[in-house]
Amino acid sequence: MARDIFRRLVRWEGLLLAILAVIVVVTGIAVPGYLNPQNQINLLELSIEKAIVVLAMTFVIVSGEIDLSIASVMGLSAVLVAWLKEQGVPVEVGIIAALLVGALCGLFNGYWVAVIGLPSLAVTLAGLIGYRGAALLLVGDRSIGGFPEWFNRLGQQPLLGPFPLALMVFAVLLVGATVLLQFSGFGRYAYVVGSSPEVARFSGVRVRRVKLAVFAMSGVVSAFAGVLLLARLGAVRGSTAEGFELDIITMVLLGGVSIFGGSGTMAGVILSILVVLNLRNGLALANATGNTQAGVIGALLILSVLVPNLVAAARSRLGRGGSAEAAVIPKLSDL
Amino acid sequence: MTLLLRRVRPEQVRELTLVFILVAVVAFFATQIPNYLAWQTFTDISTGLAIIAVAAVGQTLVVLTRNIDLSIGSVVGLVAYFVGTLLAGTPGMPAPAAFGIAIAMGGALGAVNGVIVAFGRVPAVVATLGTLAIYRVALVELSGAKTVTTDSLPAWLLNLPRMSVVSLGQLDVRPLVLLALAVVIVFQLVLSYLPYGRRLFAIGSNPDAARVAGLPVERDVFVAFLLSGALAGLAGFLFLVRFGNITVVAGQGLELQVVAAVVVGGVNIFGGSGSIVGALAGATLINVLQQSLIRWPAVSAFAQDAILGLLILLAVASDKVILGRLRTIWVQARRRDEERAAATAAEQATHGA
Amino acid sequence: MALQAGEIHALLGENGAGKSTLIKIMTGVVQPDGGDVFVDGRQVRVGSALEAQALGIAAVYQEPMIFPDLSVAENIFISHRDRGRIVDRGAMRRDAEAVLDRLGVRLDVGEPARGLTVAAQQTVEIAKALSLRVRVLIMDEPTASLSAHEVRRLFGIVKALRGEGVAILFISHRMEDVFQIADRVTVLRDGRWISTRPRSEVTPASAIRDMVGRTMGDFFRRTPTRPGDVVLEVRGLAREGVFAGVSFTLRAGEVLGLAGLVGARRTDVGLALFGIAPADAGEVLVDSRPVTIRSPQDALRVGIAYTTEDRRQLGLVFPLSIAANVTLPTLRRYLSRFGLVRRAAEDAVAQGFKERLSIRAPSVRTAAGSLSGGNQQKVVLSKWLNTRPRVFILDEPTRGLDVGAKAEVHQIIDELAHDGIAVILISSELPEVLAMSDRILVMREGRQMAVFDSAEATQERVLAAAMGQLATPAVVV
Amino acid sequence: MRIKHSTSLSLLAGLALVASACGGPAAAPSQSPTQAAATPTQAAATATAGGVAKATPGQSVKMMLLPKFLGILPFAQANKGAGDAAAELKNSTALAFVGPTADNSVQGQIEFMTNAATQGYKVVMISNNAGDQIAPAATAAQAAGVKVVAWDSPIPSAKGENLFVAQVDFNEMGKVMADMALSIMGADGGKFAILSASPDAANQNAWIKALNDALKDPKYAKVQLVDTVYGNDQSERSYTQAQALVAKYPDLKVIMAPTTVGIAAAAKAMQDGKMCDKVKVSGLGLPSEMVSYTINGCAPQFALWSFVDLGYLTYYTSYMLATGAIKGTEGEQFEAGRMGTFKITKDPTRSAGLRVLMGPFKIYDKTNVEAEAK
């Protein structure tokens, strides 16, 4: 059974890898400019903030919760930096304040979920509305721009070779998140808490503390991503980053992380990010509208689970009996 | 009081705590907003609520089975647009036909979700996140950038939201509200008294056990999605009736409002427990908060969302606290009863001896 | 294998012998690879659970398949098709109470099943099977969670059903149950049929021989140990509305049995000592120092470990590997300076336990959920042994285990005592408690009724105390 | 329509072209290469100052029309106008009409802008929904040789923008709204409120600001603006906001909605609430959506311009800019096919940027709305 699960896991990530390969090859042949290195950097850079938050969201979902407030925290942190700048606070200080506020937002969510025991969907939905509201409270109907040159340059110009800062930050965070989730004690706790919170409690795991930490992390990372977004866009409004949450959750789920917690791997999530971004870029370069892009990604999301399931069902019907269990819902293998 | 406590367990009256919170909210705003307790406010809020409530009923059915339907907003938009276009093209179409088409189309879209989830074994979040996008795409492509305008719609449809079914002095009860209320009552009865309804609870409570017990899990889940779609279709029809102008963004974001209503209404997002009445109470609470905030002179347009987020959180939290307290009181009352009964029994035993 | 109307047919076999698969085939949950099923001489294909129901086949599973959110009454009647189109709650309650009455059980049929104990949940399962018009009733370990009193009641019902012409397939690891009730005995081993004989031709020894393919010794006996110092002292422990007045002392190397009927609240005492549902009155002293236990972390700090009775829900993280499960409570010990898990160290310690407790698994990286019940229980024991407890509370450690696995667990308990660990053994199986314990604390409805020394404890005395037939609670400390 | 605008001053005046026009000293040296890249190399560019440039049809120019999002009428009309212009100019490369989804508008526009350079577009015509957040992407596109022409809604700081084809004068817009309010309320005046799109819709904000300025005129002394609320360009929200306004201000006389979604929703809300006698609706609306409300008196007066013409003019301007027929400097004049001659001027409604002003407004009422709605 373990080997079975392992096979399934490999199959899921293998599937994503195959999809990615097909996208890259087909688009590479059919769409001029796609394989251009600058384009490859562009396609990552254009969604790098989402990709960064995807990493944190993976922890939240693995631990059996959900955080819908991330996009609002991103917006709030970006707005906060700008608002503080207007009040004469240096941007450097503003960034630190934004990160702190992000952590507070996360802890606030975590408090109601982990300590009081409210469903995270309800709590973070309130956060989605409330934190966005706080951002609106600060900027109202204005747009704030005019940041120091160094700040804009960090967000908009390549820093090292052709790579902008955000890309390098993402690379570092990626490695960090992978190590943290797959190899650290904290990651182990996240899986355990998501898989069976009661077993965790009966094993002396501080479930509350783990959940609080996961939410705090989600808050800080979102705030950080918000600052990066601000640097890239050079201006901020009350609506900045609005609606990002669905894209982010989509990427996590396509990566094979179960919405019920306790399963999924960082490798799957990374592949999922690459699949979504490459697909979207390839379609855009082929002059597909945003509408078509959304539709194709929606269909991919369904088909990537549906088709293997149907194949497995057909195979089990043809071959010997056995369970028609969903084939590719990946489970956690030997951790 | 104790008699009541003995017969009714707190879970059965959990909606009452929401009603209590709702009353508190209304009482608060009545002190803050001049002319708040007017029938006009009631008419405004109740009519707006009708659409969310109908969609929330469908969502409840799905959530009870430990699934979720995120495609609702797109279904509402797509149906509203499609039926609107149809009516604009054939003005002679009778009202029941339009009504039926809306429900049938919603049902078909829901059935697609149902097939993918129940028979294709795709997790509901994944499946309906996908169809959320796909149905919206269909709407944009279908529309050819044309808007359904009130002008093109038949008169009976335009008059519908202005009609009063019951008119007592200033109180107008709109047909939309009555329809929504009927839907709520019917489905509450379905959940309480039909075997199908009870099975939905069973499936969400323990899917494995449901399979072992021989319940038609796949079929029931499929039907839940179908109903959710059909009710979203009905909501789409109401949307068309109420707003008349239907663009490609119609109903966008509605799914979050509906999920919020259901969760605030005490339906367990992991299935197995909850009620339609609860979902209605949740929808009402959120709607009343929203509508009251935009009527509150003391609060600027920019502060409303910040307050709304906080109030929703407080509502959910106090619901939990009140319910927990009730449960404790109930358990204690029960225990006292039992002890008393035991004492009486013992006494009788000694007398008998 | 043939099952006749009006017979009680026992099915024996070690875990993994294929009993569960057989049940699943008969109830239509899985499809057979080959072979045929006949009902009333007609070949049938049990394609689904529904078809099984139509054929009059019902099963009571070892792990209760209940719906936690539904009420007891609804759990009993959820799969009924003959109760009309509309649910009549009043009638359902009455009928549920009637069925439970037949079982001699009193439950609040309106209460959600979530709050029931495992035993009560199993009772509901049996009631559910009874309420269907069964022709073939399969019972997988129905007595595992019942106390002697309830077992007797159950057997009465089973016999009554037999009288009504129902064929009963009875699966149990408890030899005494089998010999008390079965008409015929079939033994499976490694998925194969070994033998079917009338009970009169079977002896426990021959049955066990057939099951394990070798001869085994008698029921386990403790090897004597010399108790050490007092490790745990409990004075007047209470939790409001649950239990009260629990007092005892426990020495190193001693096994204290906690006996009682269902509802005696033994598990709650365990949960209180482990900090899951903390006590609100009384004193706990470890090594003569008073301690406060408000959480499992507190308990672990003072060296108290607890294995739950609900292994399936609360014992293990199934998707995780054996090694990860073993180190879960002690993960901190296996972290490097940077907070990373030292897999090698983790595997090594798990490997150690694997060998010491002979856990049968391909490797310590195998998912815990894929193991058999006995091996799962050994992983649970390893997990807690690795915390190096001073006091080890074992709640129903052998429930649902086959004879071989059971004996191994008993062996382990004995070794624990020898290693100077103070053991509290909570068990519904009276012979087990009697055989394993140095002293036995008997509870009834949350009250401590008596404490017996193993020398003075007999099945009758313990049972009498558990049923409240002692004139005054005799507290012998 | 949401058109974004920022009230904040830009640090950089943007292009050297623009900088010279403004005479601002703040032009960053880093912008110079942009200008070099953006300068047409074709010798065919023959426009002289004072003369009227004419387009040379038949050239192949890869052009993208990028609306805020796809699926609504005004943008489709603009596409139609642009298509007409493309046919007249015999551009052998087809016009791409692409755009993001409504819920991903800002992010999507930035993506399309960035990809445009990779795809080899010569011109991106954008109805900007991202405010100044599009500026870095637009500047980068220019650096890669793409002309950026805004229409309908400009880049507030004008950074990364070659030209803005303005539908009407934004300051004029304020006066038009004030006039409509006054004419509906009559000489006695009264209270009115604004139902806008989203709080950061720069277009609406610019118009609201212009309206506030206009109201200082003693002519409007009795016209009182009491509140501004936001319906986020959603029918649902706009409808309930309109209801709430009436509840909040019992003596409200006019709801002014400078957004096509808002005005239609508000009119419907008043009609459904049987309040059309008390509260009138006005603002910017599409005749086809407003005709019934105008006839029955719920929305007696509203204004708009032709989106077909706007698309046409934008395409013409962009084509000439890309082919070098015009350089996109202040004072240039050019002939835009059927629409006549236009002049590039400084944009007086922004602190920087060049503008081609289309105009004029069309005020609709009972007398002309039915004809236009067809």
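Per-chain residue numbering starts at 1, and chain names A, B, C and D are given in the order in which the chains are listed.
Note that a residue touches a chain if its C-beta (ideal position, glycine included) is under 8 Å from a C-beta of that chain, and two chains touch if they have at least 3 such contacts.
Predicted model, so just to flag it, every value in this text is computed and none were measured.
Listing every chain that touches subunit A and subunit B alike gives C, D.
In this structure, the chain pairs A-D and B-C differ in their number of contacting C-beta pairs, and the larger number is found at A-D. When chain centres are defined as mean Cα coordinates, C lies farthest from subunit D. Averaged C-alpha coordinates give centres for subunit A and subunit D that are 35 Å from one another.
Here the CA centre of subunit C is 74 Å from the CA centre of subunit D. Computed from the mean C-alpha positions, the centre of subunit B lies at a distance of 42 Å from the centre of subunit C.
Distance from the subunit B centre to the subunit D centre is 40 Å, each centre being the mean of its Cα atoms. Among the residues of subunit D, those touching two or more other chains are numbered 70-71, 101, 103, 199. Across the assembly, subunit B contributes 136, 140, 268, 302 as residues in contact with two or more other chains. Within subunit A, contacts with two or more other chains are made by residues 136, 140-141, 238, 291, 294.
Contact between chains, as defined at the top, is found for A-B, A-C, A-D, B-C, B-D. Across the complex, subunit D is touched by residues 33, 35, 38, 40-41, 44, 48, 136, 139-140, 143-147, 149-151, 158, 161-162, 239, 242-254, 290-291, 294-295, 297, 301-302 of subunit B. Put simply, subunit D touches subunit A in their complex at residues 4-11, 69-71, 96, 98-101, 103-104, 106-108, 110-112, 114-115, 118-120, 130-133, 135-136, 140, 156-157, 198-200, 202, 205. Residues 70-73, 75-76, 101-103, 199, 227-230, 233-236, 239-241, 243-244, 247-248, 250, 261, 264-265, 268, 271-274, 286, 288-289, 291-293, 373 of subunit D touch subunit B in their complex. Within the complex formed with subunit C, the subunit B residues making contact are 9, 11, 192-195, 197-199, 201-202, 204-206, 208-216, 268, 271-273, 331-332, 335. Of all the residues in subunit C, the ones that touch subunit A in their complex are 30-33, 274, 276, 296-297, 299-300, 306, 308, 313-321, 324, 328-329, 331-332, 334-335, 338-341, 362, 365-367, 369-370, 383, 387.
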